[in-house]
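Taking it in order: structure first as structure tokens, then the write-up.
In order of appearance the chains are A, B, C and D, and numbering begins at 1 in each one.
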Amino acid sequence: MSVQEFDELFEKVSNWGRWGPDDERGTLNYITGAHVRAAAELVRSGRSISLAIPINKVAGPDNPNPATHLMVQTYDIGADAAPQFAMDYLGCACHGDCHTHIDALCHIAYKGKLYNGKPLTSVTSQGARVMDITAFAHGIVGRGVLLDIPRLRGVKWLEPGEAVTTEELEAAEKAEGVRLKDGDIFLFRTGHHRRRLEQGPWNNGYDGEGKAGLHATTMLMLHERKVAAFLPDGDGETVPSNVEGVAYPIHALQIGAMGMACADSLQFEELVRLCEEEKRWEFMVVATPLRLPGGTGSLFNPIAIF
Amino acid sequence: MSVQEFDELFEKVSNWGRWGPDDERGTLNYITGAHVRAAAELVRSGRSISLAIPINKVAGPDNPNPATHLMVQTYDIGADAAPQFAMDYLGCACHGDCHTHIDALCHIAYKGKLYNGKPLTSVTSQGARVMDITAFAHGIVGRGVLLDIPRLRGVKWLEPGEAVTTEELEAAEKAEGVRLKDGDIFLFRTGHHRRRLEQGPWNNGYDGEGKAGLHATTMLMLHERKVAAFLPDGDGETVPSNVEGVAYPIHALQIGAMGMACADSLQFEELVRLCEEEKRWEFMVVATPLRLPGGTGSLFNPIAIF
Amino acid sequence: MSVQEFDELFEKVSNWGRWGPDDERGTLNYITGAHVRAAAELVRSGRSISLAIPINKVAGPDNPNPATHLMVQTYDIGADAAPQFAMDYLGCACHGDCHTHIDALCHIAYKGKLYNGKPLTSVTSQGARVMDITAFAHGIVGRGVLLDIPRLRGVKWLEPGEAVTTEELEAAEKAEGVRLKDGDIFLFRTGHHRRRLEQGPWNNGYDGEGKAGLHATTMLMLHERKVAAFLPDGDGETVPSNVEGVAYPIHALQIGAMGMACADSLQFEELVRLCEEEKRWEFMVVATPLRLPGGTGSLFNPIAIF
Amino acid sequence: MSVQEFDELFEKVSNWGRWGPDDERGTLNYITGAHVRAAAELVRSGRSISLAIPINKVAGPDNPNPATHLMVQTYDIGADAAPQFAMDYLGCACHGDCHTHIDALCHIAYKGKLYNGKPLTSVTSQGARVMDITAFAHGIVGRGVLLDIPRLRGVKWLEPGEAVTTEELEAAEKAEGVRLKDGDIFLFRTGHHRRRLEQGPWNNGYDGEGKAGLHATTMLMLHERKVAAFLPDGDGETVPSNVEGVAYPIHALQIGAMGMACADSLQFEELVRLCEEEKRWEFMVVATPLRLPGGTGSLFNPIAIF
């Protein structure tokens, strides 16, 4: 795809202005109370499962900024007779390929503009002035639909560089008996984390081996279907990029054009077992970013409830 | 209450051994699939609301370890023509009176033992070996019941040092038309955060003005009712302590004896408005601590869904 | 002093262009090999003394960003028979009133320009591109001269708001039998830290009680004398400012106009005892900022050698 | 060398009790005022040079815990007309193979004892109670002597696993016309950092390719010569270890037995050029750890002054 085609696609899927000039919620606006109630009605067995990777403290080619987890106090302090406390500290730059996190709508700019046309000065050294992560503070709650591409293909994972098309997404829908619709939370699985569990970390950046993701054209489908949020293993990007000269085209389209609540680096290894057991690929999803004023994103631990 | 009476109470409400010697979930074991389904059935309007205080970056007498929130990158880097990214970093010692967090079951020891009789060496300088916060990784999901004591009393907040009794909890149940029962998530409101919003931070520690909380004897009620989790504004403690010579008696009983999933420092200022509008004090609660191996607790953002 | 007078003063003491358009060292250029040798010749007793405040981990009105000092590992890990290690972590935003630190020349801008006319874009979210703290990497070594104003006045410390004039600096020179000259490192004592030790932390900012410091006009003297570096207790500033509408005029003049290596928040409580014992107020000084690429300053521990 | 031989060597070079039961300074006690004065007399040209590696922010096989360097504020905040400030934050676990740091005497224990027989409980989760890094707060000042082994051998660097013997140290002394004596600061060069500059990071740990260092028997020489401090590139250790079953024997002997002030991970690439130019391998050294109460070590930036 050429830059020109990309820019046309950007225009097509753009939601700029759709929910007013000061919109902070983007495609989450698709989720109404009725959607939430319908999602809650999917709860039957009451089983819930985490979609997060355990917080990663080990540096690697895909984890240049490991989390810092240190003890503040252990039980070597204080008298045994009185209550004693163990406490710790966590420091993390959340936007990394091994940290399960969600992006705020202020996280990306394309051609000098953020979602809804906001200027680059929307984020300063003191944090985001608009569209920070607190826009999602009351939680992302809705129907989750997992499209499991390795399951469709009969492989463990997609290899770096492979791009999933609209046709393949639709084939996955058929295979699972689900259909992405308005207000849905789309869980997209390439097997990224499974590959890491089995083969170890790899340099998945633009200067390395790359990763599997969506083809840029799938954004038309997500736009038409009015998908509200996107939760991938990996980060949705195909690396190398399908778009000539544009790195991170999926982020640019999803967040920058559509204003979509997008997460990165989830894992579905526990989820897929549950889906097979329950024979369904739809469930209630609850995701609650930390309430961080000025934040461009947040570590989080989204869950699926069956 | 004397130490001897306290120790007797500790025995009475103890769940040590109840769910086996290697139990990691404590009173969360009370929550069955049926409880989760019943909680989901409470979702009607689909409105959700955060129970977390915005992450507090400002030092104060009740916030000696403010969170460190710094930008990793802003839009002064990169060319406007390509996608650019804004990213940040968050560091926090979560166990503070201004940080909405949940404690792991390893967080407290009394008389040299953790919940279920585990030894002090269960936590080392490398983190917790057992009963870390990942025991709650798949989320705390259930029916939440708010007992709003200031509402019952017709005051804005309880003053520091005031202890709420079982009788008063029961009176609040009557006033709100709810009843705490097995598997419930108990939201306890003293107005702690409301007081802070209106009067500013205060030294609420044992060397200062103190805070309002539960009387130690209420633990009998929570134990009999088989409450699964505890979410207070403040931290549940009455300071000064009702128990002679024992600081943090509520933590010791709830976490140390009962193995209860306990959070600290929530805020219900948005929730109480929703409760009044919906005329109900029960709702679905979803709380998802970060999946931090070895962690003694976690910042989190629990939500209520109506 | 009016803004206009201030701007005239700025021009008078400016060293912009003096050492070329790409100068990184400012007034440190005054220190030649001969100055260093002469400083070394001041070493007689061989006693050395720290000029740093112990790193401050406690939040207070003058320490909103306390240092984070946590253990990485203690001796609860590993077998006693093999070597075991204790390790820790330090995190700090150095530019605080309780952290002994040195500023890089990129630390301040006045009227949109840094020292030597460099643009604001010299510092980005990725750090300083020019005039970072590594410009001082090979150490600041020279003759230190302490002018102890409380000693001159016969008081323990100067009170907040008091400004020291050129006349008073000259009187201190006479009283101590020293004279600031080219290439000197000027240690300026108001007793700031002594006051803190005796009376506790205070809000010394522009919105609080203020602090004692230099009068802006003393910059003419420092400029004429060709002082190479400035090490104060406090930070040299008189608060409230002597200059109408300009906060931090001393920083603006010293760093912004003169390109002077300036530190903040030292303590001379151990030094003054040594000076009295040795009956001299000049000595060798060695100050070595951390070698932090892109850094706008550094924690450090300068010492005086007698 | 067997463990038994190692333990005998430990006894031979032990300084336990030598300077009293509460000694905090170990071999720094060898440095008298006369030593400092003599060191200052070595200052002739007045040139000074850093011995530190620039602070390393990039994860790698030898840098699993990269430093966190983030901006606190840049010039995108504030009005151009008033002074504006750029500020940053540095966080680092100093005891890493790519961070130039010094160890406190509490940093290592062997057979359950620290230097001078202190117990393991000397360090808790709240920091070191004795022999913390503030014991060196007033600086390490003395004569530095560089023994440059690659120069002696005519190679760029020693290869991992190579151990330098006493004979080779003596040969280097002869080749350079110097002799290590009481109170000296011993700079030991294997070319570790040169190798890294030319060939990139490598896994130099016990599970990897290893590193070049001292043979354990050289400790007898350092003990007899009454060396006061040790500044190596690398960390002095030969990996794999020369001592069967004992990792880090050099640290155990130097710090644990002798109480020697030991640094790790310096670089001498700038120093060696200066030595050649000045045709001397002795100079004044000043090293000033941060004044960190409870600290087990410190980032620092030692310098040589010629």
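One rule holds for everything that comes next: a residue touches a chain if its C-beta (ideal position, glycine included) is under 8 Å from a C-beta of that chain, and two chains touch if they have at least 3 such contacts.
Values in this document were obtained by computation on a predicted structure and should not be read as measured data.
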item: Chain A on chain D, rotation in degrees - Cα superposition, rounded to nearest 5; value: 180
item: Length of the line joining the C-alpha centres of chain A and chain D, rounded to whole Å; value: 45
item: Centre distance in Å when chain C and chain D are each reduced to the mean of their C-alpha atoms; value: 27
item: Rounded Å distance, chain A centre to chain C centre (Cα mean); value: 46
item: Contacts with 2+ other chains: residues of chain A; value: 68, 71-72, 74, 76, 89, 91, 93, 121, 124-126
item: Arrangement of touching chains [line / ring / star / complete / other]; value: complete
item: Interfacial residue positions of chain D with respect to chain A in the complex; value: 58-60, 63-66, 68, 71-74, 76-77, 91, 93, 121, 124-126
item: Contact footprint of chain C on chain A as seen in their complex; value: 68, 70-72, 74, 76, 89, 91, 125
item: Complex interface listing, chain C residues touching chain D; value: 32-37, 39-41, 43-50, 52-55, 57, 68-69, 71-72, 74-75, 80-95, 100, 106-112, 120-121, 123-128, 134, 137-139, 141, 245-249, 251-252, 256, 284, 286-303, 305
